[in-house]
Amino acid sequence: MSHPLNPFPSCRIEATQLACLRGFNSLFEGLSLTVSSGNTIHVTGANGSGKTSLLRILCGLSLAETGQINWNGNNIQSVSSEYRANLSYLGHKPALKPDLTAYENLVSAAATGNRALREADSTATEYLRLLGVVHTRDRLCRQLSAGQKQRIAVARVVMSDAPMWILDEPGTSLDTEGMELLSSLMRRHIERNGLIIFTSHHGFDLPIDRLDRICLDST
Amino acid sequence: MTTESLNTSGRGKKWLWFHRFGSPAWVYGFANRWAMPIGIVALLLFVVGLYQGLIVAPPDYQMGDSYRIIFIHVPSAWLSMFSYFVMAASAGIGLVWHIKVSDLVARSIAPLGAMFTFCALVTGSLWGKPTWGTYWVWDARLTSELVLLFLFIGYIALSNAIEDRRTASRASAVLALVGVINLPIIHFSVEWWNTLHQGSTVTKLGRPSIDTRMLIPLLIMFVAFNFYFLSAVLNRLRCELLSQERRTQWVREIVHG
Amino acid sequence: MNDQTVSTMSAMMALVRRDLIIAMRERGDMLQPVLFFIIVVSLFPLSVTPDKTLLMQAGPGIIWVAALLATLLALDGIFRPDHEDGTLEQLVLSPHPLSLLVLAKTLAHWLVTGLPLIIISPLLGMLMQLSGDAIIVLCGALILGTPALSLIGAVGVGLTVGIRKSGVLLSLVILPLYVPVLIFGAGAVQAAMVSLDPQPHLLLLASFSLFSLAFCPLASATALKISVN
């Protein structure tokens, strides 16, 4: 694995007084959180409590009703390109084109993301190997199982080399071995001074002192 | 919520008057106070204008009495265009500066604009029957009005199809802006098409010289239509505001007395 | 700064390549708009008249309306599959300007759906009894006009991609905006049919397409950001 394990420069995301409405109902109000390099936040809550909405707001995909989000002290709206270059998001869907092979998916995701194409070409296979799905390299994604697709999606996140990961249920469809793999990758990311915001119904084996919890049920 | 966030982000006092337009409660009060009086003025002007136009004004030496439809047609046609521009402008303001009231103004205008466009089309074709011998002639103005009606319908359909109100407002604002940029081009292309296919022989509705006794009722009707438009927008805005802000304290106070 | 431009360019190229590869793997889908185009045009002689002079008169308009409908039919493919598999979110989150990525996708879509229409159009011109000159002008007008159809269409799809069933809505939103293309495009061919100079029409068509090129990607990008909300 020729991955450069040099640490990320320190960074920090700070959300203040976020509110989110669905229709006329409030999902959450007055929500504030801060995460800095080397730390993680586990967002918990019942179904429909707004976990996915919160993650999408933090990504800048959705607009909060009120409140603002700062990246290293700047509003993410004003540094949106820089912010997105530092962000890797894993949503409900694995974001793979069914008509491309696993390899092609990773390469094109890297090229439209923040990596130069040539660099991506040589490393995509290594990441597939890292996630234990190198045998799917040249198979169309439509033929793969949900768990295999999820592993490739995780490979995309790791490969993006972004300091901030926002993961929505990253453990979906993964088997035990896959979960352990994901845990170890998350630990490695924290050790590299990265930061992670995630939702999950499963627990991950993460260092307790680096882990915060936010529960959306209380409101 | 909007009020507070707008007031705290206000830059200096001279903008404070402007921010009142961003406050739903203030705008509701304003609309509530003015919708009715403006509507009454519009009604009075309608009565006077129609009396002047249908009874006092003399018949046209060429078209006889059929020209009298211009007292309805011309103001409708004007308002159809005008309301599209106002709708696009306020939708655009809502999109860029996240002013909810502005979105609601656009939403209130859309059906009215479509109605005026429809009115202009119907009166135009009614006038066409005695003048051209047929209800519909592919005249440049009528065709432009028809396309405008389609633009209004697209706007309304889009904003109704999207469930989330804020997304609906923002998406239809983009459509209104694209439409307003395209409108002059569409108008020009239709004119161009028309001159190629029909020559410039088609008589135009508004002619260069017009008798004062015809002009006065036209102007009165024009003002009446504009007042009616204003009053109707304020009225619709009132309802939109109550519905949009139903969770807030000020609406609860109004509803429960 | 320069590096940024280079990497945005390579992102655009990668996106075009990606979409072309996907289109090549679903070649059957690619043929559908072309077949639709041919069928619609050949319905007109059956429903109106096979009379040669009448077909000559109506031909340019019929071909243009059919091209417009064929474009409309294929339009959803520009963003909807991406929206469904989640790659659209990833594009919105890309650090590159979304309007340029949208432009790349529109280009790929035009290559896949617009270009085949242009290639098949001489055949349809012959079916509609157009003269040789008129067929050349028809091709030219389609080359100049179909990019505007794709660019404006991308805005419409961007606006409606979040709505589950948007087929009719998309046409309501988009078709009025297609009016200038239809007028200038069909006008050019008609002018050529009666031995008039089609150049003014073609120039107007070209300027409309350039205008769309400047504004539509921005509008589509804004629309997409709103729709993925």
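Each chain gets a letter, A, B and C, in the order it is written, and its residues are counted from 1.
In this section, a residue touches a chain if its C-beta (ideal position, glycine included) is under 8 Å from a C-beta of that chain, and two chains touch if they have at least 3 such contacts.
None of the values given here were measured: they were computed from a predicted structure.
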Original post:
If you average the Cα atoms of each chain, whose average lands nearest the overall Cα average?
Top reply: C
Original post:
Which chain lies the greatest distance away from chain C when centres are computed from Cα atoms alone?
Top reply: A
Original post:
Centre to centre, by mean C-alpha position, how many angstrom separate chain A and chain B?
Top reply: 47
Original post:
Where the centres are mean C-alpha positions, what is the separation of chain B from chain C, in Å?
Top reply: 32
Original post:
At what distance in angstrom does the C-alpha mean of chain C lie from that of chain A?
Top reply: 36
**OP:** Any chance you could list the residues of chain B touching two or more other chains?
**Re:** 164, 166
**OP:** Scan chain C for residues touching two or more other chains and write them down.
**Re:** 229
Original post:
By residue number and range, which residues of chain A touch two or more other chains?
Top reply: 63
Subject >> Residues on chain B engaged by chain A in the complex (per definition of touch) >> reply: 1, 5, 163-164, 166, 246-247
**OP:** Write out the stretch or stretches of chain C touching chain A in their complex.
**Re:** 7, 10-11, 13-15, 17-18, 21-22, 25-26, 81, 84-87, 89-97, 101, 228-229
Subject >> Footprint of chain C on chain B - complex, ascending >> reply: 147, 150-151, 153-154, 157-158, 161-162, 164, 166-167, 170-172, 174-175, 177-179, 181-182, 185-186, 188-190, 192-193, 196
Subject >> chain C-facing residues of chain A, complex >> reply: 59-63, 81-82, 84-85, 87, 89, 91-100, 104, 107-109, 111-114, 116-117, 140
**OP:** Would you tell me which residues of chain A are touching chain B in their complex?
**Re:** 19, 22-24, 26, 63, 65-66
